[in-house]
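Residue numbering begins at 1 within each chain, and the chains themselves are lettered A, B, C and D in the order written.
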């Protein structure tokens, strides 16, 4: 059977058919090795891989997508890549090499990720996050690749509006009751908040996922921590209520922090920020989102935000 | 072909094989008509249907499960059933009739459900819940059927522990700071809470799902409402902070309310209560659960709970 | 308290901040009445509602989104809307009216839906689908609204490539073995396929969701049916194996069927088609997608596809 | 603040309240080190941890659950545990130590897992699975712990019934058409199958998850493989069609293989097997399940099954 020529149904010429925007596989899981901060880390991303399909080709050879993944994973054992987005870039180049008919290739990853953080009392804790990564390759002399790095961070938001209403209730006749130094901030509703950032990383630049995680945590009302003994819990809750934020505030503070931190990145860098609050007072969620570029953000000089230093 | 006798592979005798506990289908969706409070309501439950399989039979005729559903749905257009759990009971009897080899049949449903509730200010609002229903039939003279009715309710819990810690922080030297009448309760963390109840309904008794929903809402720190204009939001948040509850408290208050409300139900009635808090200060959830009977609950006379009258 | 003026934290002026692309709510569930084919149908869509937020406004008044929904639902009891996409359009106009600062509004819905179909033997069966709907409104004299209608259909695909390989294996020396009239088609792997279409509906035109469902079912290897007694099951399986299709074929056949059926629709109409196969031979899925316009499709005259008449 | 005595709200005595069956946390994620086959493997399980709560205690100190996890994870870096179920056992003992009021503790884990397998042609491939693990500890002299190991395996099933019906169609007048050596098996519908096993591991015994994975793959119609070039794909599809199986057959073959392989395990060992087929011809799934003990299985001597040697 080894000598028998297999029919290549995918290669069947179908004259005058429709080209397809994306053809590929989703839900591929693979353990990969990535070097982060000097140490090799195992990640288990869920991967999607696509190429476009020209009008004259019936099917995409999807097993080649899996071969590209398998080769890279084998290689990563010996030569770990510096980041998930670099893995995506390498895979997208590999896809163009294997699919001669394709003009673009697209690879996306999402992986559990863990960082050592600190509780309000300074105690170490391992916290869970998600890494996001993406690369799009366009066929050319050396395949132009645009890669993006992202994170998804679970934190906490305290509603500024309900806090203000409670203040109003308390003051009785509508005068503004100001908090004195010895008093705790007023109560409000607060909830789990999921905020994600995806930012382009041009060639020769590096954007660290760990930095993005810290930047997002600093933009929520408070980070969440796994172990909170009573005093820690009290401090975190107080801290969050001193930083009440709408999802709109979270997105804008992330944008402001990105503009400030990545001053070396060029104007055309794409930035997407999304914040979703799993409202404690509603059955539905609240969402705010901005899809933009660094240049656009820089041209609209934003005023001071709702930022504060640090919870820990 | 109509005359041709089809082979019945499922009926193949497999001497000395293992009997199976449950064989059937899951993820069946069907619109059904149910009469609730005088009016006919359309529900779209997701349904699972199982029978057991004796050692001598190779396969269960699963298409019969779907026929039982189809017949009942056709019938329900003309003769709507009084409840989802009655539907389950009828289906479980139908399964035993169609699967002559089975000794037990089991049907489960879960459906979106909507009730008109009130905001703190008395304004009407349509709130979403889940109905749960279940029936298990045992073959016999007229098929003994045990049916259960349940609900899943999204509400809010305020943490009593963090509130107490904040009080402690505030008081300085550890003495208990008591709230005066003019002051709002102290802040805490609060979050989305999902609490479910499943309770057996013996023959000749009726347990109303609407009552269970109200009973669960009265056991959480506060219900959630879809539309909350500012004063409503403020009142609901204040109300919840006056009723701080652990998930443990929610489960116990639901149990207490059930014991009080369903005094006519016999001791052997099975009761399951589960409460899950999507913690705002953690990335994980907190859960409390009790699987018990009314008799067991009655024998352990519980003291007063954390109940209060009503939010609306 | 009724007389007290509430603080409007969302209206706080934040000079020189970033504008936001989308701010709103997701996961809203509501029962709505829609008139379809003369009869009133209850649907329970999950709804998202967004507006954009200008740089000068701190927060969006999200409770207004829910008020727009509540008002429409109340109204729909008396005056059912003709379709989900018309509901979306009305809601998006309502959002612009309530959010004076917004320039665009966006509403999306997804709902379970049921249609009476036929088995291969002609027997009636209620099959489940998903309806998709969307509307985007731009502020103007009478708010330009672009609405879209869509469906998601679960069917079956048989792999053409494996079938050809089996033919090759069988023929021994590589010659093409052709199926004779009395023989069944050769075996292959086949799997659950989920295909979705979203198509724009310009003012004064109507695209029926029921038609789209039938069009997609005719583009898969075979539709799936809930009740299949043995002869029906055999016919459906044979039928599917006579229509082997890649996900690429499914997308192209849907596109071809759309071009053919909607000749009256203008060139600028946006069309998105996506087909995902939950591969039986792999743990991952295969996907094909095309994002395009009717004009683009018309200009690339596609040849004959893999279509066939009908399974039932 | 370090000196200040924090109030212990959870310890509040609530005389005469209801005891709770399970109180704890779900959705905890942590990277852990496990030694498997001589090499240290990183796993990222999702963990649930529960204890029971007596009537006299208001709340469970849930942060202790997280401390138990954190300590073990820290320790596992230096001293990797031999398996996930051993981790569960150690955690359950730790829970009893930290929660003095609890009489039982329960820990569950689920983790992505990867094994090097072979394609039909012998080519190596990394395949993804899920590991399941569980331990229940009862307070006593040295805490009696019952631990269980499990796996979830995605494979493929080919329907025996549709294959037989096609044979019947083909034979015309109802006579049995037998496959000759040169002919491929007849077509049928086939689909993604998800089968899970959970089996108790008594003290001093070891059940290898890798063995369970192989045992389940040998009980499905065929395993699934990530990379299948055309001849591999053809062979796997042919192989599966020579091993048609209902979900009932899969469960019984797993049971038979377990009885055969684990002859040294005692009779009281609990065994749960579940197989779910994501039907290609239906929108719903088919499921078979058996909850039993090794003793019960041994007493019902099962006949020969539908087993075959190996696909690769």
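As a working rule, a residue touches a chain if its C-beta (ideal position, glycine included) is under 8 Å from a C-beta of that chain, and two chains touch if they have at least 3 such contacts.
What you see is a predicted model, and the numbers here were worked out from it, not measured in a lab.
The chain with its Cα centre farthest from the Cα centre of subunit A is B.
More C-beta pairs touch across one of B-D and B-C than the other; that pair is B-D. Chain geometry summary: the mean Cα position of subunit A and that of subunit B are 36 Å apart.
One inter-chain figure worth recording: subunit B and subunit D are separated by 27 Å, centre to centre, where each centre is the mean of the chain's CA atoms. Centroid to centroid, with C-alpha atoms defining each point, subunit B and subunit C lie 31 Å apart.
Taken residue by residue, subunit D touches two or more other chains at 1, 4, 6-7, 28-29, 66, 128, 161, 165, 168-169, 226, 228, 230-231, 233, 282-284, whereas all remaining positions touch fewer.
The touch graph of the protein chains shown is complete.
Residues 127-128, 154, 156, 161-162, 165-166, 168-170, 182-192, 222, 224-226, 228, 230-231, 233-234, 236-238, 240-241, 278-284 of subunit A are the ones that touch subunit B when the two sit in their complex. Against subunit D, the residues of subunit A that register as touching in their complex are 1-2, 6-8, 28-31, 42, 44, 63, 66-67, 70, 73, 112, 114, 125-126, 128, 226-231, 233. Partner subunit D is touched in their complex by these residues of subunit B: 1, 4-7, 9-10, 14-29, 48, 50, 53, 55, 58-60, 62, 66, 160-161, 164-165, 167-169, 173-174, 246-249, 251-252, 255-256, 276, 282-292, 297, 300-303, 305.
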